[in-house]
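Across the two complexes that follow, chain A remains constant while its partner is chain B and subsequently chain C.
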Partner chain A sequence: MELAVILALDVVSGAASLLLLCLGLAIIFGMMRIINLAHGEFVMLGAYATVISTNAGVNIWFAMLVISPVFVGLVGLVIERCLIQFLYGRLVDTMLATWGLSLLIIGIVTTIFGNTINGVPTPLGGFAIGAYRSSYYTLFLALMALVVMALIYVVMRYTRFGLIARATMQNPQMAAALGIAPARVYMATFAIGAGLTGLAGGLLAPISGIVPTMGSAYVAKAFISVVGGGAAILSGTASAAGLFGTINQLGAYFTTPVYGEVILFLSAILLIRLLPTGISGRFYKGSL
Partner chain B sequence: MSYSRRQFLRSSIAGSVTILAAPALISRHAYGADDPILVGSLHDQSGPIAASGVPMVAALNLGIEEVNAAGGLLGRPLQLVHYDTQSNIQMYSQYAQQLAVKDKVAVVHGGITSASREAVRPTFDRFKVLYFYNTLYEGGVCDRNTFCTGTTPAQTVEKLVPYAMGKSGKKVYIIAADYNYGQITSKWMAKYVKDNGGEVLSVDFFPLDVTNFGPTISKIQAAKPDLILSALVGGNHTSFYRQWTSAGMKSQIPIASTTFGLVNEPSTLDASESEGILGAYGYFEELTTPASTDFVGKLRAKTPDLPYIAELAAGTYEGFYLWVEAVKKAGVIDRMAVIEALESGITFEGPSGKVVLDHATHHTTRNAYLAEVKERKWSVLETFPEAKPLDTAGVCDLVKNPTDNKQYVIDV
Partner chain C sequence: MPSTLKNGLQLLALVAAIATVMILPKVMEMFDLMQLTLFASMGVLALSLGFIWGFGGILCFGQTAFFGLGAYAYAITAINTGDSTSAIGLAILVPALFSAALGYFVFYGRISDVYLGVITLTVTLILFNLVNSTAGDEYTIGTARLGGFNGIPSVPTFNMPFDPSTILDIDQAWYVTAGALILVYVLLRIILASPFGRVVVAVKENEVRASLLGYDPRLIKLCAFVIGGAVAGLGGALYVNWGAFVGPTIFSLSLSAEIIIWITVGGLGTLLGPVIGCFIIQYIVAQIGSQQAFNSNLVLGAILIAFVLLLPQGLVPTFSNLLTKAGRFVGDRSRRSAAEPTRLDASPVGAE
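Moving on to the complex of A and B:
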């Protein structure tokens, strides 16, 4: 029984961290159709922002929740202006450009901070359930995943900006005809997506080893979740992250971490084979 | 003057042949008495493994400077030919060819992971270029052209396991990186656990990109071991120690590791995450012997922001000097003469202590040190002098079979 509770916590934390990793990508890829292969590097930049500001004496919560998303959001803004804005509608070209971008970011960070492993200690500490132990931080991650999801929902569903953003993504010509500048909406949306990814990086910093190349460990999982989720950025991504997070954690527990990864990727292939438009293409058609 | 197409072709072919042949013409006269002896180096200076590779090249540079300052080797100066292999196995193969065929170096020091060593070893065998691998590894390489100066499990794991078990208990849980180093090292760990009357509850392997250790931590708790032996490798795996501490397990079950602290884990992890972790290597930067403080002082004076100076850097320095001593003894830089000199029991007093090259295995007999992390630094607890590479000695005898050339995977 105690073990079951601990396992349930593992599943929750696995799904929550996957969801946090995916939301920024869901906006950039799911909404804007930009294949951002530098997604992992945005995560890495967020993690570095947290580590460096914490080491400089900033409160860790402020670093994770404010500095990381704002910093990576600004980086995203610059990247959108300098690179992405010329490539809208050219899927393959964005792939190449962002791949180069990811190598460039890794190179820059390595040059500045070197290749050594960095990090910050995990705040909050642990608690016991019977003979087993887990950390409060996993619960905090789950809470953050819910908060971020709610935030995206409210912004997209109830605010003017959300409406404009959704309209622009669906039909930029029509939006432009109604007096909206699609270029500015794209810019803002990309920056928000990058900022959310930076937040994920900041939140994962206390439980990861941080090196310039850490992004590659995350990018594949984030993509399969977003693709598996389909067009609906919230319901699709959340259900895919929940599904894949559970499969990965239970797979890793009952077999080995090696098979856990294999099972995860096999089930992703199976899912895409059975539901070519992703989970939301079938179950949450037309929802946010 | 008319210049036909045919004439143009003829003259340009003649021209390019001359250009192509030029290096040969130049190099025919290249080996004068004062020309430098070239020392090859293949070490990652960028990419995930760079934090290990940077101090190794610094150590090699230090050695070369010292030899040159003392008047060079056989009256000739030494010159480093270094290639950054960028943590990329393909680069290793490519640059190994270049060192052997184009640069024609006298010796190559290089390779960090076992995968990189196995990528370049055949090339150096084929082109008959003397090769030194100066990293601690899982043991078993048996090749007359190759010298392995790092420690092997019989030298370090054999000391670490009984000490850690004596402190905590007999039930052991092993976690290791999922490639040849982790696979083979975990076998040795299991062997030493059994030899000391213990029991291995489980052996789990992790691909290098695994970052989420939640399920493993639950699994370990369910198994209730007395001790964890870790051969986890690299940045992603560092998150294990973080997640372990944040779950409050750090104070419950102790950890001993064959890889922790090889780069700079003690100084980057928080004290609460690393305190008390045990490790055993052939060298620690914290060693206070005069040779060690001198070595560290010189390296840090040259490169103040150098990462942690681990066994890899000390081993590279010692491997380099073993070669220097052998060349002095042989009086020439020819490969076979130097190999025979190396096999005659060459010795060097390095930062880690006395290092003796063993003829039969081409490995070294050297000191092993056992240490514990205290306040984000290694505190050396015990010294084991003259630890022998018994694992490799059990399968490899180059005195009897000089043509042997493979890596034995020891059946434990």
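Moving on to the complex of A and C:
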């Protein structure tokens, strides 16, 4: 019984962190059709922002929840202006250019900070269930995943900005004809996606190894989840992240973490083979 | 350009390439020759992706998966048998079978190009993680220990076919590697000139039209993908032969990224471009590696971004376009005939 509770907590935290990782990508790739292979590096930048500001004496919660997303959002803004805006509609070129960008960011961070940096301790401490221990931080992660999802839903569904953003992504010409500047909407949306990714990086900083190349561990997982989720950015991504997170954690529990990832990827490839349009293409057609 | 002239020029270039390969060991330092051997083995890898991406339209971001599988297949077989002949065969066969299995899922699932890139990327990551975790003693195949992140050291290098006692020396290893590069190049050219090659390009240009003409794009793409996998595997065997070592970093993302950069720099849709791009970029990487001021990723990333934004065609097509323009200009002047017909008979398989 105690084991089952711990296992359930593991699954929840796995799904929650996967979901946090994916939401930014779901906006940039799912909505904007930009293949951002520098996604993992955005996560890395978020983690670095949290670690560096915490080590400089900033409160860790402020660093995670404010500094990381704002910093990475600004970086995303600059990148959109300098690089991405020339590549809209050229899917393969966005892939190549953002791969170059990812190498560039890794190179810059390595040059500045070297290959290692001191991590931050996990806040909040732990609790015991029978003979097993877990930490409150996993619960916090799950809570944050829900909060961010609710936030995106409310913004996209009920605010003027969300309406404009969705309209622009669907038909930029029509939106432009109605007096909206698509370039500015793209810019803002990309920055928001980057900021959410930075937030994920900040939140994952206390529980992951902080090195310049850490992004490559996340980018494939995030992409495979968003692809598996399909067109609906919220319901699709959430269901795919829930499914794959569960598979990953259970696989890791019954075998080893490495085989857990293998099982995750194999089941993802199988899922895409069976549902080429993703989960939301089949079950949540037309939802947000 | 008339096709006889073009063929003649190609033959001339081939002879020149073979002559260069023969002469180089006589005039080069040993270290430089070994560097060139390494570049040539990488050049085979570049050709494999240059073929499936440039002519098949299959953007495989994880071509290192086949390269690494070939390398590991070669290393394991060579250690077990002591003879490199069968090892080279397996180094081609194993990645070919693997790419057939992967390709079946991808192409018969009608997964679009973009997702294909993501999926192949994840496959490479899986292999990297898997091989990385095989450090224990229990992970042995025959007498070969996989060695996890330490890799497999002291792999037997190439010997004369079916004669393990005669090991090839450095000059001979260069002949084999550079010879393989030229051979693969010629073979791919022949494939591209064949009806099958034409269909591959047709599928790349317009999948629907090709299938309306009665071809099965899934099968055609799968075949091209398998050829690419086999060639990459051969490159892996050559690579192991160069260093007598193979480790899991062969599956790493940075190498996958470099192949993409070679082709983007050299020119997509040519066979010469990837090889030239490979030699240039590998030379730059080697130069950066010998200093500490900045990280090689930084330079590679900047190069890739610059080429995508400023010179998306790559070096070889840009140069050959310039040459064609210059040639046409000269031709016009000499013949004074402005009405040169557009080259309707020109092959769609890219500039040479």
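The criterion applied here is as follows: the second predicted complex is superposed on the first by the 287 of 288 C-alpha atoms of A that agree within 3 Å, B and C clash if a C-alpha of one lies under 4 Å from a C-alpha of the other, contacts with A are read in each partner's own complex, and residues count from 1 in each chain.
Throughout what follows, a residue touches a chain if its C-beta (ideal position, glycine included) is under 8 Å from a C-beta of that chain, and two chains touch if they have at least 3 such contacts.
This one's a predicted model, so the numbers in the text were calculated from it and none came from an experiment.
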*Once chain A from each complex is brought into register, does chain C clash with chain B or fit beside it?*
clash
*asked:* Between chain B and chain C, which one contacts more residues of chain A in the superposed model?
replied: B
*Is A:F86 contacted by the first partner chain B, the second partner chain C, both or neither?*
second
_For A:I105 in the superposed arrangement: first (chain B), second (chain C), both or neither?_
second
_Is A:A175 touching anything from chain B or chain C once the two structures are fitted on A? First, second, both or neither._
neither
*Quick one: classify A:V227 as touching chain B (first), chain C (second), both or neither.*
second
*asked:* Going by the contact rule set out at the top, does A:V258 touch chain B (first), chain C (second), both, or neither?
replied: both
*Thinking of the overlay built on chain A, is A:P276 touched by chain B (first), by chain C (second), by both, or by neither?*
second
_Quick check on the superposed pair: does A:A97 touch chain B, chain C, both, or neither? Answer first, second, both or neither._
second
*asked:* On the A-aligned overlay, A:S216 touches which partner chain: chain B = first, chain C = second, or both, or neither?
replied: both
_Touching partner for A:G14 - first (chain B), second (chain C), both, neither_ = first
*Overlap of the chain B and chain C footprints on chain A, residue-wise?*
110, 216, 256, 258, 261
*Write out the stretch or stretches of chain A touching chain B in their complex.*
3, 6-7, 9-10, 13-14, 17, 110, 114-122, 124-128, 131-135, 137-138, 204, 206-211, 213-214, 216-218, 248-250, 252-253, 256-258, 260-261
*asked:* Touching residues of chain B toward chain A in the complex: what are they?
replied: 46-51, 54, 178, 204-207, 209-212, 214-216, 218-219, 221-222, 224, 234-239, 242-243, 245-249, 252, 263-265, 268-270, 272-273, 305, 307
_So in the complex, the part of chain A that touches chain C is made up of which residues?_
35, 83, 86-87, 91-93, 95-97, 99-108, 110-111, 216, 219-220, 223-224, 227, 256, 258, 261-262, 265-266, 268-269, 272-273, 276
*Complex contacts: residues of chain C adjacent to chain A*: 59, 61, 105, 108-111, 113-115, 117-119, 121-123, 125-126, 129-130, 132-133, 253-254, 257, 260-261, 264, 294-305, 308-309, 312
